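Right after this note come the structures.
Consider the two complexes below, in which chain A is the common component and chain B and chain C are the respective partners.
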Partner chain A sequence: MLELKNVFVTYDPNTIFMSNALVDISLMIKKNESVGIVGRIGSGKSTLIQLFNGLIKPDNGIVLLDNDDINSKQVDIRKVRKKVGIVFQYPEEQFFAETVFAEVAFGPKNMGMRETELKDAVFSALKDMGFSSEKIAQRSPFSLSGGEKRRVAIASIISMNPDILVLDEPMAGMDFNGKEKLIKYIKNEIKNGRTVVFVTHNMEELLEIADRVIALDGGKKVFDGSVRDFFSDEKLIEKIGIDIPSVVRMRNKLKKYYSDIPFCRTPMEIASYLKKRYRH
Partner chain B sequence: MIHFKDVSFAYKEGKWAVRHINFTVNKGEFVSIIGGNGSGKSTIARLSDGLLLPQEGSVFVDEMDSRAKKDEFLIKEKVGIVFQNPDNQFVGTTVEEDIAFGLENIGVERVEAKARIDQISSLLGIDKYLHGSPSYLSGGEKQKVAIASVLVMRPDYLVMDEITALLDPVSRKEVLNLVHSVVENKNIGVLYITHITEEVIKSDKVLVLHKGEKIKEGAPAVILQDMKLLRSAGVASLPSVIISEDLRKHGIISASFVDEEDLIGSLCSN
Partner chain C sequence: MRKRSFFGQYNFSDSLLCKLDPRVKIVLVFSIVVFLFFVKTIPGYMLLLLFSIFLILLAKSKISDVFRSLAPILFLLLFTVLFQLFFTPGKVVYSFFFFKVTSEGIYLATYIAMRLILLSFFTFVLTATTSNIELTDGFEAVISPLKIVRFPTEDVALMISIAMRFVPVLFEEATRIMKAQTSRGVLFNKGSLMQRARSFLPLLLPLLLNAFNRADQLAIAMEARGFVVGKARTKYREMRIKKIDLFFIFLFILIMAASIMVKRI
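Take a look at the complex of A and B:
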């Protein structure tokens, strides 16, 4: 469990450039939740996730992981980073290894994993990200397609078997096919018990993956609740500059005629409801 | 007219980026190209004003062959291009200088240049930023400045290569609507390249590109209802089409709808 208590982060304190990146943020992320973090560019999303594994320290407030203050001297930060794995934007730009295997093995190796376990960890992570054939492991990561690269980059964090997987704009720059696959594999991670936190601009993605939404505006938390409640709050959505996804818009319009239509996350959920409705 | 006649291009020998491409863009026409990553979309943008030259076939701009050295500058004047990342396109220290850069290069007089800049920037709603630095603008505003820099050159054709890809959804819609409203009044031919299905709805015609080949060309209503085609090209189908195709299969409605309102109307009149 990850908990932030009254966290403040200030950039360039005591200078004329001083700016408050995060203001009094408290939140709790429980096991096996899937949380989407949304907000405009510069709202503090990326700062927030860097607090999760100690890459940034709060100027005030504390960050607790399984009840330990991760920034205290008694806590081994390496253990924190094993538990909280962060995949940054365009992670494939940081590939360096000659083979996919070496790329995915790098993290767990650094964490001191033994050779015997290493192989299993690498192949299981690759399998999680949809690479069923082990042949991929010997290829150069640079020879892969854009979508494959992204999935290898995520596998290189999953290979450390983190409790919490944090993704910063995981679908950025990907086309429909790539997105569709990645959404499927991320949803599988959630189903298999991994806690997933991701930053996104894409509301379709948010609808499909997240159960809970945390919205930031100007460094403040302005919403924390279910996806359903988030999309019902039109005033808030407009304030933080988010476009209502067409599935939600259509569902809301249909609600005028079909008062019992449930909240729908995908077009097929709307279709299923309508089919049921017309069968009677 | 921009005319691609059996155009093929390879960056590396033996590996075609685009192959046997045929299509035309007339003045006043809005033509969209849709396709996934690696489909050859950006290559077509670069071929359309002679930034790249085809190895096979020809690209004509108002009958001028892009390979004819003597017409090189005339073609570049006729065809304006806006790219995905506006940050790569800035040269001036103020927005106004930036927009003026192209005009100075072709020797347009100061008074005339000023008039053109004022007109276009008020049309695009960026007149209030003219004296500020482009680096302080948001992504959407920067992209409007990039569009203005091209429009002041009074091109006959405007090629836009994924100009909304880096924008948030709200500015994305705003920029696209602006493009539509600006070109409608100017008799400019537009080649609009995107991977976002929603953005092609208002086009006159749509080309679907896959692995360097044009796999279909047609009216948006026809293309957008073909879910199989879009899937094979690696682009998303519209929710309205996904829903109506499923309902149609089950005999609940009789046609498929691209427009959400039409779908809802058809359901609710039953």
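Take a look at the complex of A and C:
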């Protein structure tokens, strides 16, 4: 369980470049949640996720992981980073190893895993990201396609078996096929009990993956609640400048004629509602 | 705490020095730096120090920034000063254990310290009042006589300007990759020297690879906009010597002459 209490982060204090990246943020992420973080560019999303594993220390307030202050001296920061795995934007740009195996093994090796344990962690992470054949492990990570690279990069974090997986715009720059696959594997992680937090600009993804939404605007938390409540608050959505997904828009329009239509995440859900209704 | 701005970098202001011709600034600063090594008297250095402070004030720089620009050479400064102080033979004025401080040593140490400090002050004034573009344009003009011997001055100037342009980009990228690898359990500032050196591989390798990729993209982008190596190009900014430039040339010559003459008075 991850908890932020009244966190403030300020860049360049006492200069003309001073800016408040985060203002009085309090939030709690429980086990097995899937949380989407949304907001404009520069609203503080990236700063927020870097607080989660101690890459940035708050100027004020505390970050608690399983009730321990992660920035106190008694806490081993490596253990924090093992528990909270962050996948940054365009993670394939951090590749350096000769083989996919070495790349994926890098994290758990730093965390002290060896031999069979390490091997198991690597292959299970690769399997989680949809590489069923073990042949991939001996290839060079630079020889892979864009989508494969992204999935190997995510596997290189999953191999540490983090309790919380944090993804910064995991679908950025991917083609349709790659996106579909990635969404499928991320949803699988959630199903297998991993807590997933992800930053996104794409509302369709938010709708498909997240149960809970945290919205930031100008460094302040402006919304924290279910996806369903988020999309029904049209004023807020307009304020933070987000496109309402077509599924939600269609459902909101249909609501005029069918007052009992439930909240739908996919076109299929709307279709099956209508089908059920017209059968009667 | 978290600094995003660098010191010693170009800092735009309405200062008189920003309006000077970059060629003049480069030549003047270069000649005064060379000149520093010919001054042999304390009053001469005092005059130059006053002059450099005058220029710094004229450049509207913060004094704290100037002192911070000394930080990179602090070690060199301390080392040479102490070395001169203790290991120059001559008349002993003070001694403890096996260290002997000589009057000649004090003189030499002061000279060296003054030279290094003045050197960094004058170059600080140059970089604080001249943008990267102006610097490379000025540099290109200054080395243009080398064209006679078929030295590719334009290409060299272009290389320098691209290199300077990408310093902040690379710096940002290094921070980004460092954070990504830190998240994978690398501790960059812990462990033995060997361990630290090894932990830099996962940082340097991606940085280098991305830099090569970016160089490729840049080359394509430049060609797409009609850049041809070795073709003559026109300039957007034209450099002209104005009255103010002549005034500063005169001022510099005056100060240099005065600092040499001062010992005879």
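Miscellaneous remarks
Going forward, the second predicted complex is superposed on the first by the 280 of 280 C-alpha atoms of A that agree within 3 Å, B and C clash if a C-alpha of one lies under 4 Å from a C-alpha of the other, contacts with A are read in each partner's own complex, and residues count from 1 in each chain.
Heads up, the rule we're going with is that a contact is a pair of C-beta atoms (placed from the backbone, for glycine too) under 8 Å apart; a residue touches a chain by one contact, two chains touch by 3 or more.
All figures in this text were calculated on a predicted structure; none of them were measured in a lab.
Superposition of the two structures on chain A shows chain C fitting alongside chain B with no clash.
Applying the stated contact rule after C-alpha superposition, one finds that A:Phe131 touches neither chain B nor chain C. In the superposition on chain A, A:Arg40 makes contact with chain B only, while chain C stays out of contact range.
Of the two partner chains placed by the overlay, only chain B lies in contact with A:Gly241; chain C stays clear of it.
When the shared chain is aligned, chain B comes close enough to touch A:Pro267, but chain C does not. With both structures placed on the common chain, the touch criterion links A:Lys82 to chain C but leaves chain B unconnected. In the superposed model, A:Phe123 lies in contact with neither chain B nor chain C.
Nowhere in the superposition do the C-alpha atoms of chain B and chain C come closer than 7 Å. Residues 40-41, 145-147, 173-178, 201-203, 241-243, 246-247, 249-250, 253-254, 257, 267-268, 270-271, 274-275, 278 of chain A are the ones that touch chain B when the two sit in their complex. Interface residues of chain A, counted against chain C in their complex, comprise 10-13, 15, 17, 50, 53, 55, 59, 77-78, 81-82, 85-86, 88, 91, 93-96, 106-107, 109-111, 142, 156-157, 160. By the touch criterion given at the top, residues 1-5, 176-177, 179-187, 201-202, 205-206, 209-210 of chain C touch chain A in their complex.
The part of chain B that touches chain A in the complex is made up of residues 36-38, 138-139, 165, 168-170, 172-173, 195, 198, 234-236, 238-240, 242-243, 246-247, 250, 252, 260, 263-264, 267-268.
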